[in-house]
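Structures follow.
There are two complexes below, and they share chain A, which is joined by chain B in the first and by chain C in the second.
Entry: the complex of A and B
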């Protein structure tokens, strides 16, 4: 039995189904991200775990206990808000002490725990400051410490970094991950930023209008998306409609151009419509020894993106992006030239249309 | 998304105003506020200076402290005391009742239209004072007023049970009519400023609703509540027309005393009147000072 179990949870507001049959088992100490576009129900799902919303149906079990209908203040779950939500009338130390003091812990215990937490987030110099005297990043660290002070069973973070600027966002997410690992705490992290989810999580739940599209490690979700939505949402992607030519050998045809895929197509029939997805970085100029998936492509456009050069090519009637690492000796073709490009069989993903 | 939008303009303000360009005095920028300065100069600062001068002027000309020495007489002290007593009572009562109404309106799950009705009514009532207000009360709670008559129908004779509209209690009832709505109007924005996340964070950390109110919401609101009560105090302290219209100037209030000394025929002693007025100016200035200190603090918290 997993540590946190969300099973068949559905949430309706009026007649709108916002979360539809959500199922997830989270192990103790795991860091799981909910990734999805705005309005897909990430916050609502998180709020059901925190107790601010009650599921319309389904169950939530935490460490074996059914918490589905428990009041928020009866659960031992820490929540981090996008807007920090620090109490403005309390200092950093008082904010961190709040959860312990409403639990009527002893004064010595509170002082000791607050000190511990302040060390953990490196805000020793700011313990007596008020929230309005702190930067956004510092405030979010305080709110992290405040949530952790009560030894929560699960830590819930609802887009905790999205109000911060890019640099702090990256450094704070690393800090959050490091602290989570150090304490071995179970965490759910909500974000709509795919890079954030990929970099920080043990597992990612890709969500789309109320339903789970895919659950997997960042590696799996990025390299082996199981749905078109998940392929499109995580990373950039070429995708085109195609037709199965030979299920046994893995041949498909995009607008008359044949590709060979490593994906098992034996469940499909010749002539089936499918969607083919290829990551831009998996396409490259063909060298002599390559045999599979070598196709002619017309160079249409070249964009310099810094570490990466993006080349727009046309294969048959279909346009693709091809990414190649930049280096000073890169020998770029001329626009309009026809070049041979290739990709491995594994790079050709075949998804349902 | 939402908060990144709100923080961007703040950031750009900081760089423009703070770092790159030193603030320059540009006449154009000040043009718009000239009417305000002219107005406050003519109708606030000048009268105060004239008042201060007159209060130091002796009956036969020349500067003297005579008028101020007369302040320590029984009538004057009891007038101040009565003014302060009425103002404090109505500020506290009006503040508490007004706060409760505002709280119900903003927190309770009442339909939005109810809120609109309350604020509209409060906007009107807060400005209802003077002769019209006094008459309204005479018509309802006067000796032969409507409500007095209603009570009589149920066997309660208000005026035989010690009630009088023309007494301390009556005056308080009348003042509350504008004090409560004023409290509602000024405290509603502060209640709206309480963020939902604060309540949820408190709950999430294990707090009961009572703990949330006593440790977070109330302390956060306290500067606004106290500040508004001070505003109410000043509002009632300076009221003259209502009290005059209701009691015909017979009640011993500081404002009425000033009227008697300056324009009355019997007790004509303008110098004393000016000194009493100066005393009121000082008390008012002091309240405004405390008000602005509290206001600044609550703004910082609620921003």
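Entry: the complex of A and C
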């Protein structure tokens, strides 16, 4: 049995179903991210694990114990908030000690644990400072130390990096992941930032309108999306309506242009409407990499994005983006020119329409 | 024709000066409006002895055997009012902010009622309601005093609720509560270790406003035959010449001292609520 089990959990506010039949098994020490747009139910699910919301139906088991209806202060779950939620009237050390003093731990134990946590987040010089004297990144590290000080069974992180600037976000997420691995703590991380989820997680749960769209490793979710939403939400994507031409050989047609896919289409029939998804970086000029799926494309636009050059092409009647790495000797085509474009069979994903 | 840059600058300058002059005139007029009566009262209070300016009126005031009992009774009433009002208002405002935000307009309306009902109407209503069984509370001086404190508690609601509500809005009550809960704290710990300390300024300003109201309240105390500072001042005005002015200056001093305390504590504490995000 898994360490944290969220089983058939549904949450309704009035007539609105915010989370619908959510099922997830999380192993001890695993780092799982809930990824989705605003209003997809990811935070509500997290809050149900924390005990701030009670599920309308379903069960939540933590290490075999049913915590579905337990009060938040009875769960031994650490929580980190987007707004840091440090107590403004307490110093860094007092904030970290709060959970331990509530548990009536001995003074020696509290002092030792606070020192340990302050060392862990490298804020030794700031122990006597108040939250207003710290930067956003430092405050969030204190918040992490405070949550970890009580030895929680699960660490819940509710968009903890959203209020920080880009550089701090990247360094802090690496720090969070390193600490989580070092302590071997089970963690659930809520984010709407796909890059964050891809870089930090063991597994990602992609959510949309209260429903789990896909669960998988970052590699699986990015490379093999199972739904149109998942494909569109994680990474940039070309997608177009298509028709199955030959299920046995994997041929499909986009606007009359034929593509070959490695996806097993034998469950489908000729003429079935499907949606085809191709990542922009999987398309390339045929002269560079001559394989299957060589098609004519008209160059419509070229955008320089630094390390990447995005080329807008028209294949048949459908527009696609193609990304190619920038280099100073890149021989870019002229706008309006017709070039041969290609992609591998594996790059052509076929999803339900 | 386009005006030259120089002529534009010259044209703008008098207008800015005029504006600044206008602001100073308004400020001076308003200051004089407040300061002249205060200065005149102070001057009058210093004339307690014939042909000599001094503090004779103040000496007589503090020597009056009725002054200190009235003053101390008002202080006790004010402290009791503040204590009861805090006990009612803080948990109510906290719960409304946390769990029942839709009820805020209703609670706000209820707390504003003392502004809508004139004191004289209120006191006759209270006397009528509580002067006969089963709610006979005006029979003795002490029971009337309890009743008076209860009325003051109601009168303090607009000030107390508004102060506490503003304080609660300044902190992220919900997240702080949830953070404390996730760390294992129960409601009592959350209220006394997290919420109250972060509402220090709000509680203090509500308490001092209540203090100022109770200290100077006349109508209700007079009709309920209470020997508090309000009726004492009214009586003093009728029977003495210079002491009422001295009394007014003492009352002003107490109020200003109260405001000074709010300002002093507020400066220290507002820093704690500031969340630096300057990385």
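Note that the second predicted complex is superposed on the first by the 350 of 353 C-alpha atoms of A that agree within 3 Å, B and C clash if a C-alpha of one lies under 4 Å from a C-alpha of the other, contacts with A are read in each partner's own complex, and residues count from 1 in each chain.
Convention: contacts are C-beta pairs under 8 Å (C-beta built on N, C-alpha and C of every residue); 3 or more make two chains touch, one makes a residue touch a chain.
For clarity, every value in this text was computed on a predicted model and none was experimentally measured.
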With the two structures overlaid on chain A, would chain B and chain C clash, or do they fit side by side? clash
Based on the superposed arrangement, let me know which partner A:77 touches: chain B (first), chain C (second), both, or neither? both
Of the two partner chains, chain B (first) and chain C (second), which one does A:190 touch, if any: first, second, both, or neither? neither
Tell me which partner A:162 touches in the superposition: chain B (first), chain C (second), both or neither. first
For A:60, using the defined touch cut-off, is the partner it touches chain B, chain C, both, or neither? Pick first, second, both or neither. neither
May I ask you to decide whether A:150 touches chain B, chain C, both, or neither, giving the answer as first, second, both or neither? both
Scan A:98 for contacts with chain B and chain C and give back first, second, both or neither. both
Partner with the higher number of touched chain A residues, chain C or chain B: C
Once chain A of both complexes is superposed, is A:38 in touch with chain B (first), chain C (second), both, or neither? first
After lining up the shared chain so the two structures overlap, which partner does A:26 touch, if you call chain B first and chain C second: first, second, both or neither? neither
Do chain B and chain C touch any of the same residues on chain A, and if so, which? 50, 52, 71-73, 76-79, 81, 83, 85-89, 98-99, 102-103, 132, 136, 143, 146-147, 150, 163
Once bound in the complex, which stretches of chain A touch chain C? 50-52, 71-73, 75-79, 81, 83-89, 98-99, 102-103, 130-139, 143, 146-147, 150, 156, 163-165, 168
Could you please specify the touching residues of chain A with respect to chain B in the complex? 38, 50, 52, 71-73, 76-79, 81-83, 85-89, 98-99, 102-103, 132, 136, 143, 146-147, 150, 162-163
Show me the residue ranges of chain B that touch chain A in the complex, using the header's touch definition. 1, 3-4, 7, 195, 197-198, 200-208, 211, 215-216, 219-220, 300-303
Chain C contacts chain A in the complex at 171-172, 175-176, 178-186, 189, 193-194, 197-198, 200, 271-279
